[in-house]
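Chain naming follows the written order as A, B, C, D, E, F, G, H, I, J, K and L, and within any one chain the residues start at number 1.
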Amino acid sequence: MTAHTYKIIELVGSSPNGTDEAIRNAIAKAAQTVKHMDWYEVIESRGHIVNGQIQHYQVTIKVGFRIED
Amino acid sequence: MTAHTYKIIELVGSSPNGTDEAIRNAIAKAAQTVKHMDWYEVIESRGHIVNGQIQHYQVTIKVGFRIED
Amino acid sequence: MTAHTYKIIELVGSSPNGTDEAIRNAIAKAAQTVKHMDWYEVIESRGHIVNGQIQHYQVTIKVGFRIED
Amino acid sequence: MTAHTYKIIELVGSSPNGTDEAIRNAIAKAAQTVKHMDWYEVIESRGHIVNGQIQHYQVTIKVGFRIED
Amino acid sequence: MTAHTYKIIELVGSSPNGTDEAIRNAIAKAAQTVKHMDWYEVIESRGHIVNGQIQHYQVTIKVGFRIED
Amino acid sequence: MTAHTYKIIELVGSSPNGTDEAIRNAIAKAAQTVKHMDWYEVIESRGHIVNGQIQHYQVTIKVGFRIED
Amino acid sequence: MTAHTYKIIELVGSSPNGTDEAIRNAIAKAAQTVKHMDWYEVIESRGHIVNGQIQHYQVTIKVGFRIED
Amino acid sequence: MTAHTYKIIELVGSSPNGTDEAIRNAIAKAAQTVKHMDWYEVIESRGHIVNGQIQHYQVTIKVGFRIED
Amino acid sequence: MTAHTYKIIELVGSSPNGTDEAIRNAIAKAAQTVKHMDWYEVIESRGHIVNGQIQHYQVTIKVGFRIED
Amino acid sequence: MTAHTYKIIELVGSSPNGTDEAIRNAIAKAAQTVKHMDWYEVIESRGHIVNGQIQHYQVTIKVGFRIED
Amino acid sequence: MTAHTYKIIELVGSSPNGTDEAIRNAIAKAAQTVKHMDWYEVIESRGHIVNGQIQHYQVTIKVGFRIED
Amino acid sequence: MTAHTYKIIELVGSSPNGTDEAIRNAIAKAAQTVKHMDWYEVIESRGHIVNGQIQHYQVTIKVGFRIED
């Protein structure tokens, strides 16, 4: 991290397949509109259960991105 | 919560009447510009005291809303 | 609290009307099967939003009850 | 909050009627002896259950007040 | 989550293969006796090491399920 | 801890004599109905004061036990 | 706890002999000036080491006492 | 804080000179686009080390600002 | 810290110049009435923003002082 | 865990492929110099983003190992 | 604590007899190789249960010691 | 942070002059024996008071450094 200013946003990604894919999905979605993303941090890991099975893994992350000068 | 991506924002609502109304005020204000709000979570509950009485209940909430595809 | 042993269970109550009623609903439901409840503690206060309005207040509580000798 | 020094005290208020009234009761009691109270913050929200019903809502708050110059 | 009451239980699942499978194993085991499970939340993620390698991934989760009316 | 599933329950034990005995009392009480207890963790340590002296030490613990296959 | 207002103070007690005695010493000291103490809660448990041995056990507690009407 | 609604954003400021300047830099950057900022709160204080010396102090803050009516 | 009993109080100091001065101001104010102060611990670091600039740094500290025998 | 003494160290492992592999990499690296590792616990899960994609998953773990007698 | 630099290490001590002895055992073990230990702080207090009885009290502590100049 | 493994150590630095200098002193001391330090994070900020004035600012930090391959 250099001497820039960063903004942190909070996202929830989800996936039927696993925790890591839920993180990747949130970042891929954010990448459509946010530039200069630099890091993420997992805040909460949870999921939705239907009929005794996990239907969606849901991961809340904070994402830091550099504010353009 | 289905397999969408959600964004979480943090708001402080206030009310002269009570904690629940402070939450409702924050959500009503956000509803003017944010669509697809799905849940809120109370982060902090506090208030402003004037002359020994609560003048405003102030509640910090996180609000999650679905990002449109 | 006297020299008994207590068990603590965790419940989520909900209400369309407010935070306190959500707590009361959880305790009323538990009272149908649990005796000797002695105290509760709020763990999390959140809610479900539909069309920009709170549809249900949802409060997670821990409830302590005395184990019969 | 201006450039004064504040002291923070911790109180537990109670009420048979609800969470907000428990907060108000603690502040009203403190107002009998403490001047210049400026804000409160909820630390813990719990209650006493008797015969399957809430007998007292009990709320722990921190109260900040300005120290006179 | 609708206007029902939910109970939350805490489980530890384990797996020799990974974190997500440890979660799934805990839920599959619970599904043998618990109906109406609705969500889980990861509380702690740890593991057992033998001879410098992970022998079991161990994940503590809270599981929420609806109490039948 | 092997590849089993564990359940965690929360108990409050008390004793007029000390913190450790309060823990032991909670576990002894649980042992009357719960098998395969494997570990405990202290969550909260508090007590009841009467006439300026501790009347009961009260310790909240989580207890993990293996669910039988 | 009945419908009174309580104040909570924070104390550090110490003892050369053990954790429980450090708690008792703090309460005994407070009892010289504070009436109506009702409960304590351990906030922090630490100690001072001299020459590789514990010289004092030091326990930080919160003590709640009823404010007289 | 009066009866308005506030939004809270999270920023990371940095400075080669010290913690306070890192806070000021984040606020100065935000002031270019955000009006009505009212308070900040430090969330995390860290830094980047190069060749055994601090190259940048990095402070994560939350900033609250009033939403215009 | 020797085998005495200590009391801990919570203060908020403020300064237009910086975080450390806000701490010093709180301690200087307390020193007018409290003897035997031994340590402080920072609990919260925040500030008031006016016109896009920090008007006051505000630091909440706990201060421990020895109770006289 | 038997009646031995354990030391706990904190490590950050990384992997381009996923969270679990980042944990395994940290443990494999530690195994080159540390004997008798017995358990790990995940403290923080984060990652580095480059061009809108996760370049490294980074997991902070605590590892406990038995001190030889 | 004077103007020295201190290092903090984390240890788990155990004892079949009680919490305080588990702390003392960890410190005694560390004293074999670490000089200038100055304080400890309890991080976690747990234990191992066999046949419904505590077999070992296990206490995780942080220990601070002065780095020699 | 690249795909290396990092170790995190915990230090307490002190200074008679201020918080930032206490951090710098801890890092300077560590730099005498630890290579490849990459970041620090403030864990606790406190100080020692003598005669109503801060004698030493004491800051606990975690420092991460790369383990050589």
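Definition applied: a contact is a pair of C-beta atoms (placed from the backbone, for glycine too) under 8 Å apart; a residue touches a chain by one contact, two chains touch by 3 or more.
This is a predicted model, so every value here is computed, not measured.
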{"item": "Most distant chain from chain E by Cα centroid", "value": "I"}
{"item": "Centre-to-centre distance between chain I and chain H (centres being mean Cα positions), rounded to whole Å", "value": "22"}
{"item": "Chain A and chain I, separation of their C-alpha mean positions in angstrom", "value": "38"}
{"item": "Chain centre separation (chain B, chain E; CA means) in Å", "value": "31"}
{"item": "Contacts with two or more other chains, residues of chain L listed in rising order", "value": "9-10, 19, 30, 48"}
{"item": "Chains that touch, pairwise", "value": "A-B, A-E, A-H, A-J, B-C, B-D, B-H, C-D, C-E, C-F, D-G, D-I, E-F, E-J, F-G, F-K, G-I, G-K, H-I, H-L, I-L, J-K, J-L, K-L"}
{"item": "Contact footprint of chain I on chain D as seen in their complex", "value": "1-10, 62, 64, 67"}
{"item": "Touching residues (chain side chain A, partner chain B) in the complex", "value": "9-16, 25-26, 29-30, 48, 56, 58, 60"}
{"item": "Touching residues on chain L, where the partner in the complex is chain I", "value": "18-19, 44-49, 52-54, 57"}
{"item": "Chain B - residues contacting chain C, complex", "value": "19-20, 23-24, 27-28, 30-31, 37-42, 63"}
